[in-house]
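Next, two complexes with subunit A in common: one pairs it with subunit B, the other with subunit C.
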Partner chain A sequence: MLFTSYSFLIFIITVFISYYLTPKKYQWILLLCASYLFYGLVSIDYLGYIMVTTISTYFISLKIHEINQSKKSYLMEHKELSRKEKKEYKKEIKKYTKKYLTFGMLLNFGLLGVTKYTNFIIGNINSIVTSFGSNGTLSFIDIAMPMGISFYTFKTMSYLLDVYREKHDAEDNLFKLALFVSFFPQLVQGPISRYNDLSQTLFEGHRYKYTTVRHGIQRIIWGFFKKIVIADRILVAVKTMIVTPDDYKGFYVLLVMLFYTYQLYADFTGGIDITIGIGETLGIEMAENFKRPYLSRSIKEFWRRWHITMGTWFKDYVFYPVSVSPWMLNISKKSRKKFGNAIGKRVPVYISTLIVWFTTGLWHGAHWNFIVWGLMNGIVIIISFEFEPTYKWFHSKFNVEDKLAFRVFQIIRTILLMSAIRLFDVYQNVPLTFRMFGTIFTEFNFNIFYDGSLLQLGLTIGDYIILLIGLIVLYSISIYQETGSFRVYLNNRPQQVRYAVYSLVIIFIIVFGAYGVGFDSTQFIYNQF
Partner chain B sequence: MLKKNLVRIISILFLLTVLFFIQRLVVPKYMNDIVEGSLIETYYDEEKNHDVVFIGDCEVYENFSPITLWEDYGIKSFIRGSAQQLIWQSYYLMEETLKYEKPEVIVFNVLSMKYNEPQNEAYNRMTLDGMKLSMSKVKSIRASMTDEEKFIDYIFPILRFHSRWSNLESQDFKYFFNKDELFHNGYYMRVDVKPVESFPRKKPLADYSLGQNAYDYLEKMTVLAEKHGVELVLIKAPTIYPVWYDEWDQQIEDFAQENDLMYLNFLELTDEANIDFSKHTYDAGLHLNLQGAENLSKYFGEILVENYDLEDHRNNDEISKKWEKKSNFYYSMKEAQYFDLNKYGYLKNFGAKKPANN
Partner chain C sequence: MELLLDILEDIHPDVNFKEKTGLIDEGILDSFDIIRIVADIDEEFDVAIPPEEIIPENFNSAKSLYELIERLLGN
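Then we have the complex of A and B:
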């Protein structure tokens, strides 16, 4: 059931009506039923996986919480213990809770790993074995990756880790935890909400409020605009250019870079807008996942604005734990000794960065393309970190940092850099991606921009005009949002103006949307992760 | 508050109106090339008191002339035909027709019995989009949709045809409000001639059984006709293409016998109907031309009059006046088509394609 399908539209309207007809106290139960129904309708086979994740996390988190509680009670009752004794005691308890945590993580990441990475591993083993001349290869296993497993596994593991770290209590109601894990709008492509942020708004129940419903609907319409008018329209051209890559070299690759960049952006942010909008119509607030990433002036800033909930997840649960782990501290110590303080202190940061980006790439998919994509991001971040003194020198010499032209240059540079790295998302394998990227500098087919070749990509002049209008609207709103809320701006307009804007956007989506026969409207790109 | 609600209501009405007009603009008009797509909707403007209603595919709307039936027998008839009309579509058109009127006879052409499953959207559209919204239409849509089609696209055609915004033609604006009259009580006139040059080879089939789904609808048609006290007549029009197998014919024959229905296979009655495939077809045997349709209608009219209680309305001045108007339009079109034929060698202004040798 795609977010942009008619059946989903009927589904959310039904949920919306039922939600506000249900007494506040029981609204969360309705949401749980709706979430399981939604997931079951996608595939009944997937329900087993999400149930295992939920139930195992529930019992393990309760156990950890119970141990932590008894630790607290013990410490309260034994105030006479010295600091050292308390420390020793806490260490012992931590060892104990860690066992449960490890078990929970192994089980759930294991599920994710088996369903997502088994065939990838088998494929790599087979490649190695055959490269040594052996014929004995392993057979691939027939296993489907449950939709959204990467998202809900990350949600539950952050929950478990936070219980372990005593950031919040364990949820003692299995069904409430089940709702947190399976909440249908964010089940398939996030955002990866934290229990602390989502639980209260999710469980407390809400009375119908015109303003929040209106805001939700505004957001949903905006999401549809991005997905249907922009993303699915660009998809046609991108598909044409990547199916037979050898026919589309040189500047076509440059086009693929830019087209895919905006396709992915409109697709993913459109999906998140719909997700957050659905939540808002139900009075449920969710964490923002994007903050105008394509207005970023550096790659570091880009990653603070793009897929924020995933970024913070890796930062909190991978980067920091790895950075402060005993073995990393050991490396730090050794490297400082060997390379001196300046270089030595950067080594552990860079290693942690590469680990984070390796896992980020792996999270995106069981494919070398994603791994290389992740590592490329890490490398670019490290390089930009290394260049920081040069930048500082440049800015002290030339006072251009706040000049509009320089800011635009930085934004364009970031877009081009990110687009180039994104090519790994697009082409079939890593060598092909490098080869295609190389053709930009070897095949100067600039003529494609004026000899009508662009009209052979499945898009008409009308389509390009619509795309241009769509992107101008997208950028205009993004630029406005940098300094203020477009929603507030719109809400302060006279009612007639507001309704005219709504009508215009709805008409634009219905008439100029790339949906129906003739368009291959696919699922949201991030659904597959 | 009142003002706010008023603005809200006006805005919604305005949005719906704009969408309605856009829908009117983008839906295909079927006025130049594939005019058959306009056939079904013409029924609703008619006075609904026909003696005979034909239902079926192109084998009814190209092979029978209601004007001939009127002029020779005083029969008021109408053809509810459309391109590749499938039997379930025929059934629901029959159901809808019987809500409007109760003719003496309903004639159904059985060629569509060879289809047991939905076929393709383009033809579905030509039948279904012309129907007014009703339960019959809803059921017909449900029965006709292929896997790729969506029900809602039929109810709101803008969702299906919105992408035509970049291919709009002058006819989309020209026929925005009104369409030209192109048909004669559902008959699609063609006066040109393209003789039959070869006969199709009857490729052997693995299984000659007509499908169960098709049979079910034929049975439903029989029951419906009986329920409404209407005589159902089954026919197979005299066309060389597509192939009509003897085995199929036998099954229809058996069905007709079992259900006490008249069944006429005009393929076997071409001499009696004075059909000459070297002169009476405009597309080498797929459909009859005007002369062929008139000859066939004369022959069939006689059978209808002999077998059923059909009143001759020619003495009724009021009815005659109305049909005179229809006849005038018929003859003026006939004249215009012959004019085209003499001047250009083909029906240039009637959607025909220029023959290769011209």
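Then we have the complex of A and C:
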């Protein structure tokens, strides 16, 4: 059931009406039923996986919480213990809870691993075996990856880790935990909410409130605009240029870079707008996943603004644990002694960065192109880190940092850099991506911009005009949002103005949405992860 | 405290760490800085900061960071 399908529209309207007709106390139960119905309608086979994750996490988190509680009571009752004795006791208890945590993580990441990566591993083993001249290869297994498994597994494991870290208590109601894991709007593409944040508004009942519902509907409409008017329209041209890549070299590759960048942006942020908007209509608040990433002035800043809940997940549960682990600190000490302070200090940061970006790439998909894409991000971040002193010197020497032209230059530079790295995602083949990127510098077919070639990509002049208007609207609102909320601004306008804007956007979506021959309202890109 | 201030100033010589109380919230320290600080603290104070303690409240000021070190030393 696509977010952009009529069946989903009927589904959310039904959920919305039933939600506010249900007594506040039972609203969360209705949401749980709706979430399982939604997932079951996608595929009944997937329900087993999400239930295993929920039930296993429920019992393990309760056990960890129980051990931690008895630790606290023991320490309260034995105040006479020396610091050393307390330390030893805590260490023992941590070892014990760690066993449960490890079991929970192995089981759930195992499920993700088996369904998502088994055939990737088999494929790689086969390639290695055949390169040594052997004919014997392993057969691929017939297993489907449950929709949204990457998202709900990450969400659930963050819950388990936070219980282990005593950041919050374990949820003692299995069905409430089941709702947290399966909450339907964010099941298929996030955001990867933390239990601490989402539980604040997910379980409590809400009375119908016109202002929050209006806010939510505005956000949903904005999401549909991005997805149907912009993303699905650009998709047609991108598809044309990558199906037979050898027919589209040189400056076409530049076009693919930029087109895909805005397609993905409009697609993913549009989906998240719909998700967060649905939550708002029900009075449920979710973490923001984007903060105008294409206004970033550096790649580091970009990753603080793009897919934020995934970035913070990797930072909290991979980057910090790896970089402050005893073995990493040991490596740091040794390298400081051997290579000096300057290099020694960099070692843990760089190794952890590459590990994080390798896993981020792997999370996106079981293909080498994603892994290379991840590593490229890590390498660029490390290079930028090395150049930081030079940048600082340049900025102070020429006093350019606050100049508008220089800021625009930095934004364009970041967009181009990110778009170039994204080519791995577009062509989905590492050697092909390198080859196609190389043609930008060898095939100067500048003529494609004026000889009518652009009209052979599946888009008409009208489509390009709509895209241009769409992107201007997108950027204007993004720039406005840097200093304030556009919805607050809109809500403070007279009713006639508000309704004129709504009508205009809805008419734009209906009239200029990418429907009809050649267009197809497609699945969101991040649904496949 | 002086030793901790030396560590911090070594990373950002231009920041007044005695005064600042929003090192994370204001974006002065990023994740790379934090890792370098944790490694330096491990080296100089012989205190291992666990990942669950890497939260804005502990890194927002030199004072809160120092309190964290003292707490971990006490534990």
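The definition used in the following text is that the second predicted complex is superposed on the first by the 525 of 529 C-alpha atoms of A that agree within 3 Å, B and C clash if a C-alpha of one lies under 4 Å from a C-alpha of the other, contacts with A are read in each partner's own complex, and residues count from 1 in each chain.
One rule holds for everything that comes next: contacts are C-beta pairs under 8 Å (C-beta built on N, C-alpha and C of every residue); 3 or more make two chains touch, one makes a residue touch a chain.
Given the structure is predicted, the values throughout are model-derived calculations rather than measurements.
K.L.:
Touching A:Ser332, do we find subunit B (first), subunit C (second), both, or neither?
P.N.:
It touches subunit C, and subunit B stays clear.
K.L.:
Of the two partner chains, subunit B (first) and subunit C (second), which one does A:Ile506 touch, if any: first, second, both, or neither?
P.N.:
Touch status of A:Ile506: first partner only.
K.L.:
Answer with first, second, both or neither: which of subunit B and subunit C does A:Trp363 touch in the superposed model?
P.N.:
neither
K.L.:
Touching A:Gly462, do we find subunit B (first), subunit C (second), both, or neither?
P.N.:
The first partner, subunit B, only.
K.L.:
For A:Lys167, select first, second, both or neither according to whether it touches subunit B, subunit C, the two together, or no partner.
P.N.:
It touches subunit C, and subunit B stays clear.
K.L.:
Residues of subunit A that sit at the subunit B interface in one complex and at the subunit C interface in the other, please.
P.N.:
Common to the two interfaces on subunit A: nothing.
K.L.:
Give every residue of subunit B touching subunit A within the complex, in rising order.
P.N.:
4, 7-8, 11, 14-15, 18-19, 22, 26, 121, 148, 150, 152-153, 158-160, 162-163, 165-166
K.L.:
Quick one: in the complex, what on subunit A touches subunit B?
P.N.:
Subunit A reaches subunit B through residues 6, 460, 462-463, 495-496, 499-500, 502-503, 506-507, 510-519.
K.L.:
Applying the document's contact rule, which stretches of subunit A touch subunit C when the two form their complex?
P.N.:
83, 86-87, 90, 165-167, 300, 315-316, 319-321, 323-324, 326, 329, 332-333, 336, 345, 348-349, 352-353, 385
K.L.:
Along subunit C, where are the residues that touch subunit A in the complex?
P.N.:
Contact set of subunit C toward subunit A: 30-32, 34-36, 38-40, 42-43, 48-52, 54, 74-75.
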